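Could you have a look at this structure, given as structure tokens, before my questions?
Here the chain labels run A, B, C, D, E and F in written order, and each chain numbers its own residues starting at 1.
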Amino acid sequence: MIYLTRRERFNAAHRLYKPEWDDKKNFDVFGKCSNPNWHGHNYELFVTIKGETNPETGFVINLKILSKIVREKVIEKLDHKNLNIDVDFMQGKITSAENIAIAVWNEIESEVSKLGCKLHCVKVVETENNSIEYYG
Amino acid sequence: MIYLTRRERFNAAHRLYKPEWDDKKNFDVFGKCSNPNWHGHNYELFVTIKGETNPETGFVINLKILSKIVREKVIEKLDHKNLNIDVDFMQGKITSAENIAIAVWNEIESEVSKLGCKLHCVKVVETENNSIEYYG
Amino acid sequence: MIYLTRRERFNAAHRLYKPEWDDKKNFDVFGKCSNPNWHGHNYELFVTIKGETNPETGFVINLKILSKIVREKVIEKLDHKNLNIDVDFMQGKITSAENIAIAVWNEIESEVSKLGCKLHCVKVVETENNSIEYYG
Amino acid sequence: MIYLTRRERFNAAHRLYKPEWDDKKNFDVFGKCSNPNWHGHNYELFVTIKGETNPETGFVINLKILSKIVREKVIEKLDHKNLNIDVDFMQGKITSAENIAIAVWNEIESEVSKLGCKLHCVKVVETENNSIEYYG
Amino acid sequence: MIYLTRRERFNAAHRLYKPEWDDKKNFDVFGKCSNPNWHGHNYELFVTIKGETNPETGFVINLKILSKIVREKVIEKLDHKNLNIDVDFMQGKITSAENIAIAVWNEIESEVSKLGCKLHCVKVVETENNSIEYYG
Amino acid sequence: MIYLTRRERFNAAHRLYKPEWDDKKNFDVFGKCSNPNWHGHNYELFVTIKGETNPETGFVINLKILSKIVREKVIEKLDHKNLNIDVDFMQGKITSAENIAIAVWNEIESEVSKLGCKLHCVKVVETENNSIEYYG
């Protein structure tokens, strides 16, 4: 088995908060990440798939195809967007890096499977100090 | 003359747009950076000062003091904020990296001068591909 | 299961040597890392915990709490210190990156468990070319 | 068990193509990577071994020895070379990052085993966006 | 004056050699960079322009326009190419990073000037250890 | 004029303190950097030279020669050393990054001049947040 990782990037605004809570409670739990006027990040997204190499091509998967899936299914929806407002697959969710990773997994997993590979990991890097990995 | 550079970071939301223009014109000029619901970045701020080394300390400037100025005068106002709404020194300005660099310069220049140094450069890195330098 | 990684940093001096051996034997085994007058590194520490996301917060763990544990239990003891002399949990140990990783694991594991998560990995990056991972 | 990772680098030319195919078919499958006049990369190679720490040294393996193996067995053959023409262990293979990772594994695995460790992973980073991991 | 820097990347093969010299003399001067079968790099190209900010947009220059110029005039000609064979503006030149930087400057300088800015610097990063800057 | 930059690295221990001051005064001025038992860093050293390109080679300077000078004159003396104790050219000096940069300049400037180039800048990066540039 070979593991292949593709990095894509998106720049987005978000806010961590629970609508049921008032601003004070949101601040107590989420701190400055709950700023009602939003803040944002340069997110890095690492998608890892696994599979056998195709002896014809030496590839697990053609990177152009994987990149196309990731861009169409998630990056175009996330990049230069507000994660809380603009993104269909984040509706009603707290926009933590954990939930972004899970949601990205769900958006691309069946597409990756169609290619004869398995999605292995979705990693979301929110800052140089904080990152999340989800393995399904 | 010695040049000393301190890096600080802030994560913020913003939108590039001109209020006098409608959404279409804003989109034509600023592209997806004009998204009405904001987007955001992990900004890196590099502040460079120049001066002679103090023979007592071997320092141009005590980094703790420089860091304190930059944090109090600009980072606390920018970090986890909306640059268009929350930041006093960006009011009425287009929140381009160019204007952020100029505004940061204006916020800290007199404080740096009081320490017997000269502010040399303010660099704002918006993404790994785009950055701005301002030398006053 | 979600995996969350927090990076912290510490700058420290150390020396690789075995007190039972003379300087020559130490040099034969540890090379220039055995310099009796010490050398040092900018260490990066990556702490990975795993758990379920809390549906209330979207978090596996509140990063502020994890960061607080790591800082209080290990970073404050390691940063700007001599790993051979100043650090209680390194006493009597060779201060290899391997042993640092194991020792950091032992210092924080019970604290992380109290939060309802499991410590998954402690990674110590000694230079851009060398790193260690320990999984307990 | 402790995992130790050593990074080495090599700069090489290559071309993705299948000799049985004409240039058009090669271009359809491999795109600009099939340029008949070659292109190249700064490759990063991360070799991870696992084992117990030696209580005498605090080491899983002496990094100098691991580095020597990796340099002699693979880096000297890959660095400033054409992967399709100059490298004995890539002869007749498509020089995809997948195949490089597998070939590097095969070149160094028995040498690492002789040291009492197990080779755990060979990672090849071709660009900042693309990487491959092979676990044997 | 504001300085704006855009990073672009290209992956290319090349060889340092002088056709008038035999292989031995080329090797004596250029070392392993003279390998007749080529080697290659992931080059980073940093283009810095300077100018006044446009008060309408807050921009020195619209980054999309600058990026378009750099891509069309140089990246498309350099990326996944052999610098010695495939690139019109490198014909007859030794493909050192110095000469790449000068040639890139000459390719884009008049285009940048048409936009009302001045080209300030072309930086070519060949490896993490080696880079060249050219200021015209 | 072309500017060429070579990066070298060294890992060293040091302590910021003034022997004439007691530990308390040293701590007041230098903070935790004055730890009597030392701390350390992975220093990055960037040496920039300027000159005309040699039309024979396309080089300002042969990087191997520049690297050899920097390694022999400074890296071998600094790497895996205690900057306060082991380094002849730092004797009696406060081992601030400022003073390291100035001292490195003085050690290599005449050697670089002999090659027909001019030393332009010595940059010392002490941490990812702090760096010093000296231009003579």
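The rule is simple: a residue touches a chain if its C-beta (ideal position, glycine included) is under 8 Å from a C-beta of that chain, and two chains touch if they have at least 3 such contacts.
Owing to the predicted nature of the structure, the values given are computational and were not obtained by experimental measurement.
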| item | value |
| --- | --- |
| Each chain counted as touching chain C and chain D at once | A |
| Greatest separation from chain F - chain, by CA centre | A |
| Residue-number overlap at the chain B/chain F interface, same or different (half cut) | different |
| Length of the line joining the C-alpha centres of chain A and chain D, rounded to whole Å | 29 |
| Residues of chain E whose C-beta touches two or more other chains | 128 |
| Complete list of chain pairs which touch one another | A-B, A-C, A-D, B-E, B-F, C-D, C-F, D-E, E-F |
| List of chain C residues in touch with chain D within their complex | 16, 18, 29-31, 93-99, 101-102, 128-135 |
| Interface residues, chain D side, partner chain E - complex | 9, 11-14, 32-33, 35, 37-42, 79-82, 85-86, 127-128 |
| Chain A-touching residues of chain C, taken from the complex the two chains share | 1-8, 48, 53, 56-60, 62-64 |
